[in-house]
Every structure is written in C-alpha cells, then in structure tokens.
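So, here's a batch of structures to check.
Presented sequentially are two complexes of subunit A, the first with subunit B as partner and the second with subunit C.
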Partner chain A sequence: MASGETQTASEYIQHHLTNLTFGLHPENGLSFAHGAAEAKDMGFMAIHVDSMFWAILLGSIFCWVFYSAAQRASAGVPSGLQNFVEMIVEFVDNSVRDAFHRENVFVACLALTIFVWVFLMNLMDLVPVDFLPELAMALGIEYQKVVPTTDVNVTLGMSLSVFLLIIYTSIKSKGFGGFVGELTLQPFGKWFIPFNFFLEFVGLVAKPISLALRLFGNLYAGELIFILIALLPWFIQPVLSVPWAIFHILVIVLQAFIFMTLTIVYLSMAEESH
Partner chain B sequence: MNINLTLVGQALSFSIFVWFCMKYVWPPITAALSERQKKIADGLAAAERGNQVQEQAEQEVAKLLDEARNQAAEIVASAQKRSGEIVDEARTTARSEGERLIVAARAEIEQELEKAKAALRAQVGELVVAGATRVVAREINADAHNDVIQELAAKI
Partner chain C sequence: MDLAAAQVIAAGLMLGFAGFGTAIGFGLLGGRFLESTARQPEMANVLQAKMFLIAGLLDAFSAIAVAIGLYFVFA
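== the complex of A and B ==
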C-alpha cells in the first residue's frame, strides 16, 4: 500500500483491478479512460492496453525463446535451453498423440502456444503486486494490471478461438449435417429434438465459457489475495505472501496445463463422432 | 470487467502466435527430435551388427585354428613317414653298396690269386725243372722229360 496516504483500502484494490483502457468515449472521444466508470462508458469499442501489451510481450518472448531453440535444434546432444524446449515440445506432443492417436501438428502447436503463453501470463502474478503499477505510475500511466489472465477478455479471447476451432473441426470431420445431428438427435432420438438441442447446446457453449472462466477465476482470485496481503502491515506481508506465492507456482502451471489439456480433449472429441 | 475489443485483439495475437509456432518452431524441433531418434536407433543397430560380426569372426578364428592344427599334425605325420622312407632307402643303398664292394673285393682277391698262381706256376716249373735237373743230372736229360714236368706244373 505504497501509493499515497490518502488512498483507502478499497480505492487501492479498485485501482489495482482497473485496466488501462483506451477507447472511444461518448464525451471525451478517443482517449484513455480515467477510472472504471469512464472505461464502462466506452462499451465494446475500447481496448485494455495493459493486458494487450503484456500478453503480446509475453507471447513474443515465448516465440523468440522457442524460435532461437528451434534454430539451434540438431540431432546431436542437446544442451541447456534446447533441452528444456525439447522437453516441453515432447510433453505437448505426447499429450496430443494420446488424445488423437496420431500426429496433429496444428493442434500440437495450438497446445504448445496455449501452455507456454498462458503459463507466462500467469507467471506475471508472481511479480510483487506493486512493482509494475508503481513503475507505470512514475512514468505517468494511471492504471496498470500486469497479469493478462486476470482480464476476462484475454481468457475469453483464447477460449472463443478454441470454440470456433471446435465447431470448425466438428463440421470438417462430420459434415454440417453430422454436426447438427449431434446437437439435436441425442441423447433422446428424433422425437425430442428441442430438448436434445437444449441439452447439447448448453454442453457446447459451456466448453469455452468454463475454459475462460476457470483460468480467469483462479488467477483473479490469486491476484486479489496478493493485493489483500499487500494491504496488511509490512511485517506480516512476507509471512503470508511467501507461502501463497509458493502455492501459486503450482496453480499457474496447473491452470496452463488444464487449459491446454482441455483444448486438446475438446478438439479430439469434436473430431470423432459419438 | 468490461467485455471489449481486447477480446478480439487477444484472439488475433493468439492466432498469430499459433501460426508462428507452426511455421518456425514446431517443424525444426520435431525434425531434430525424430532425426536424433533415428540416429540412436541406427547406433544401436550398428552396435548389434558389430557384436554379430565379432561373434562370426571368433567362430572363423576357431575354425582356422582347428584347420591349422590339423594341417600341422598332417605335416608332422608325413614328415615322419618320409624320414622312415629315407632311412629305409639309405639302408637298402648301403646294403647293395656293401654287397657290391664285397663282390669287387672278392674279384680282386680272385685276380690276385690268379696272378700269384701264374707267378707260382712259372716259378714252380723252373724250380721243378731245377730240382729235377739236379736229380736227373745224374741220370736223365732235362729236355727229354719236359712234357711230363709241364703236365705236373699245370696241376697246381
């Protein structure tokens, strides 16, 4: 709680949970939002600059690291970074092979990107909550939310992409008729089409929603607890934040892994007919 | 917690990262992995082959050693046979040579004997004639009885 004596606890929390929003305000025009209310007024035509910045930065780091490892990849004895990258690639490849019973380069790349990227975005949660916002403040940036996965737009953006891929894969492997049939003709046969459709549609839509909200919820809650710990007197903070951070190491890997595994499972389910 | 364009931006960057991964990250790494797998498999196969070759070579060596041993034994046996033959030959040669020498010596002895006999015969004739001359000097002429004396001398 370093940002000024006049700030109350709820203001501090509010500040930490507000994205840096840039968009079309009805009154101010194209501008950065000053506060949550203005951001709300902007509606859909706005963008969270901080989320996008960190997400793209971390994604680029992922691409750069893996690209440099791929450039040096050889059949000889691997060392250091190459070894680490190969380990992750093999792990993802095995997961995909287990689900698809064959090689599937597209799904494997999708899974690899999800796993590493989500992990890196989650990892930002372990940066002490005040470091980067204070730094941004010093640079004149009002709001800064550094963990992209605590922004529901980010997780939904990924899960909706996966959702589109699920529908695309379904239609591609079963045909449009097959896809519609799967939605309407089970579990109770053709006399219960509305009921079947209701059940299956909920099941279908639940996939991206649960995918997005699981990741968002876990990370949001984790971040909130870090913020709450930061509100306590300084001598108690390490006692609580260190165990929570250690526990969180597990959470961030687990959530990245779950997102990846469920994506693979959903896509393999979409490919095979029931 | 507003839903806004960030969602679209995130989906876009997501697809770009996946595309990048498919194009520049995944193929080289998996290629290197499978190549290494092949290399290791080849190495193991080569080792296996090497072992087999060694085993074969050992068998070959054992066979060659056996053959060599047999040959050596054969050579020794034939050498022994040959030496026996040579000894036999030498013995026969020596025997025939000895016999020949004996025959030659005997012929020489015969000759010498013959010579001595001839000498003796000549001398005996003279001696007999001399003796007879002395005996007969008192009674008979030597010339008259020469044929009888010659006859006697031939009987020696």
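== the complex of A and C ==
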C-alpha cells in the first residue's frame, strides 16, 4: 500500500476491484472509465481491457510454450521443457480417458486448453497485489485488475462456450428430436411435459452458471483476502500472506482441474444417450 | 437498525454458515476417504484424485459466500 496516506481502506479495496473499462460513455464518448460509476454508465457493451489483455497474453504464452516444445520434441531422452509439457499432456490425457466414455481427440484438446489456460490465469493471483497495479499507475493507467478469473465476465464467457458445446454435441449425437425429447420426456413421461421441461431446463442452465461462479468465487475470495492482508502493517503481512499463498497454490490447481473435469463430464453426458 | 449494521450482521451470518457447511462436508469427505482406503488400500490413489475433485466442488459455494460476505464488510 504505497500511496496509502491519501486513501482510506475501503477506497483501496474498491480501487483493486475495479476493472479498466473501455466503452461508449453517454457524455464522454469512446473512452476509458474513471471509476466504477462511469463504467456502469457505459452499459453492456463496455470491455474490460485489463482482463482481456491478461487472458489473451497468457493464452498466447501457453500456445507459444507448447508449440515450441512440440517443435523441438525428440524421441530420445527428453529435455526439461519437453518433459514438463509431456507430463501435463499425459495428465490431461489420462483425465479424459477416465472421464470421457470413448476416445475423442477434440475433447482432449479442449480439456488441455482449459486446464492450462485457467491455471495460468489463476496463477496471476500469486503476483503481489500491488505490483502490477502500481506499475500500471506509473505508466498512467488508472485501474488494473490482473487476475482475469476474478472477472465474472471471463469465467462466464468460458462456461458459456462450454455450454454451447454441450448443446452442439447433444444435438449432434442424438438429433434435434432426441435433444428436445431428453429435455421434455423425462423423468415422468409424456403426460408431465411442462414439469419435466422445468426440471431438465434448470438442470441444463445450472451447468454453465455453477461452472463459472465456482471458479470466480474461489479466485475472488482469494484475491480479496490478499488485498485485505495488504492493508495490514508491513511486519504482519508476510506471516499471513505466505501461508495463504501456499494454501492458494492448491486452490489454483484444483479449480483449473475441476473446470476441466466438469467440462469433460458434461460433454460425455451430452453425448451418451440415456 | 441502519444499513451498515445490517450488512455486517448479514456478512457474519454468511461467513458463519459457509464455514459451518464446509466443516461438515470436509469432515464427512475425509472420514469416508480414510474409511474406504482402510478397506481397500490399493484404491488409495484413485480415491485421492476423486476426493480432491469433490473437495473443490465442496469448497466452491462456501468460497462464493465468503467472497460476497467479505465484499459486504470491506467494500
């Protein structure tokens, strides 16, 4: 908390939880928002530039590292990077084999992307909370929220993509009639269609929402606790932040793993007929 | 009662119930895990992976409650 003299604690937290928003403001035109109220005025079409930037950057890093490892892959004794990449790919491959009911290259690729990408985005949580925002402040950028997965838009975006894939696989494997039938004809047969539809529809829509909110909630709580620790006097901070960071390593990997596993399970459920 | 006081009480309830639910859940989960590994030690690795998966699922909704609760208190 370097510039703490002029800010109250609540302002400090607010500042850390505000995204850098870019959009069409009714008065200022196309601009960056100065504060949460202005960001709200921009409405639905505004973009969180910082989340997008970090998410795309991390995604590119993931692609580049894995691509360069694949380029230099050899059949002999693997080097360090190749070993590491092979370990991750094998781990994901095993998870897909366990959870998906048949061999499927597409789902394996999707699972790998989700796992590594979510993991990298979560990993930004371990960067000290003031480091990048202060750096951005020095460069003249007012707000900076560096963990993309603490932005509900990012997690919902990912889970909605998974949701569309669920519907697509469902229709592809069972036909449109089969998909609609699954939504309306169980569990109570054709005389209870509205009731069945209500039950199954809630079940279907709950999938992407719970997927997104689970990831978001965990990371948001973690980030908020790091921010609260940063408000304490400097000599107490390491005593609390180090154990929390060590515990958080577990949460980071676990949430990426859960997002991946649930994606596989949902797609597997969508493809199998009942 | 003013709004700030109500918010603090609501946040306390949220944090409390979240902790309560997770504590029971983790107790059941860990206990069952130990029980089943004692019965079938060769299954320990498979069960451990599954246990962590469920631990993450269990953690999630209390973490959401904690996040919203802390947000109410401090921001």
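Following the convention adopted for this analysis, the second predicted complex is superposed on the first by the 271 of 274 C-alpha atoms of A that agree within 3 Å, B and C clash if a C-alpha of one lies under 4 Å from a C-alpha of the other, contacts with A are read in each partner's own complex, and residues count from 1 in each chain.
Everything that follows uses one rule, which is that a contact is a pair of C-beta atoms (placed from the backbone, for glycine too) under 8 Å apart; a residue touches a chain by one contact, two chains touch by 3 or more.
Computed from a predicted structure; not experimentally measured.
Three-chain overlay on subunit A, with subunit B and subunit C fitting side by side and no clash. Contact with neither subunit B nor subunit C is seen for A:146 once the two complexes are overlaid on the shared chain. In the superposed model, A:224 makes contact with subunit C only, not with subunit B. In the superposition on chain A, no contact is made by A:124 with either subunit B or subunit C. After overlaying the two complexes on the shared chain, residue contacts for A:166 are found with neither subunit B nor subunit C. Looking at the shared chain after the overlay, A:113 reaches subunit B, while subunit C stays out of its contact range. After superposition on the shared chain, subunit A has more residues touched by B, the comparison being subunit B against subunit C. With both structures placed on the common chain, the touch criterion links A:267 to neither subunit B nor subunit C.
Of the two partner chains placed by the overlay, only subunit C lies in contact with A:258; subunit B stays clear of it. Once both structures are fitted on chain A, no C-alpha atom of subunit B lies closer than 12 Å to one of subunit C.
By the touch rule above, subunit A contacts subunit C in their complex via residues 9-10, 13-14, 17, 210, 213-214, 216-218, 220-222, 224-225, 228, 251, 254-255, 257-258, 261.
If you check the complex, the residues on subunit C that touch subunit A are 52-53, 55-57, 59-61, 63-67, 70-71, 74-75.
By the touch criterion given at the top, residues 1-11, 13-15, 17-18, 20-22, 24-33, 35-36, 38-39 of subunit B touch subunit A in their complex. Considering their complex, residues 19, 21, 23, 39-40, 42-48, 51-52, 55-56, 59, 62-63, 66-67, 69-71, 73-76, 78, 85-86, 89-90, 93, 105-106, 108-110, 112-113, 117, 148, 151-154, 156-158, 160-161 of subunit A touch subunit B.
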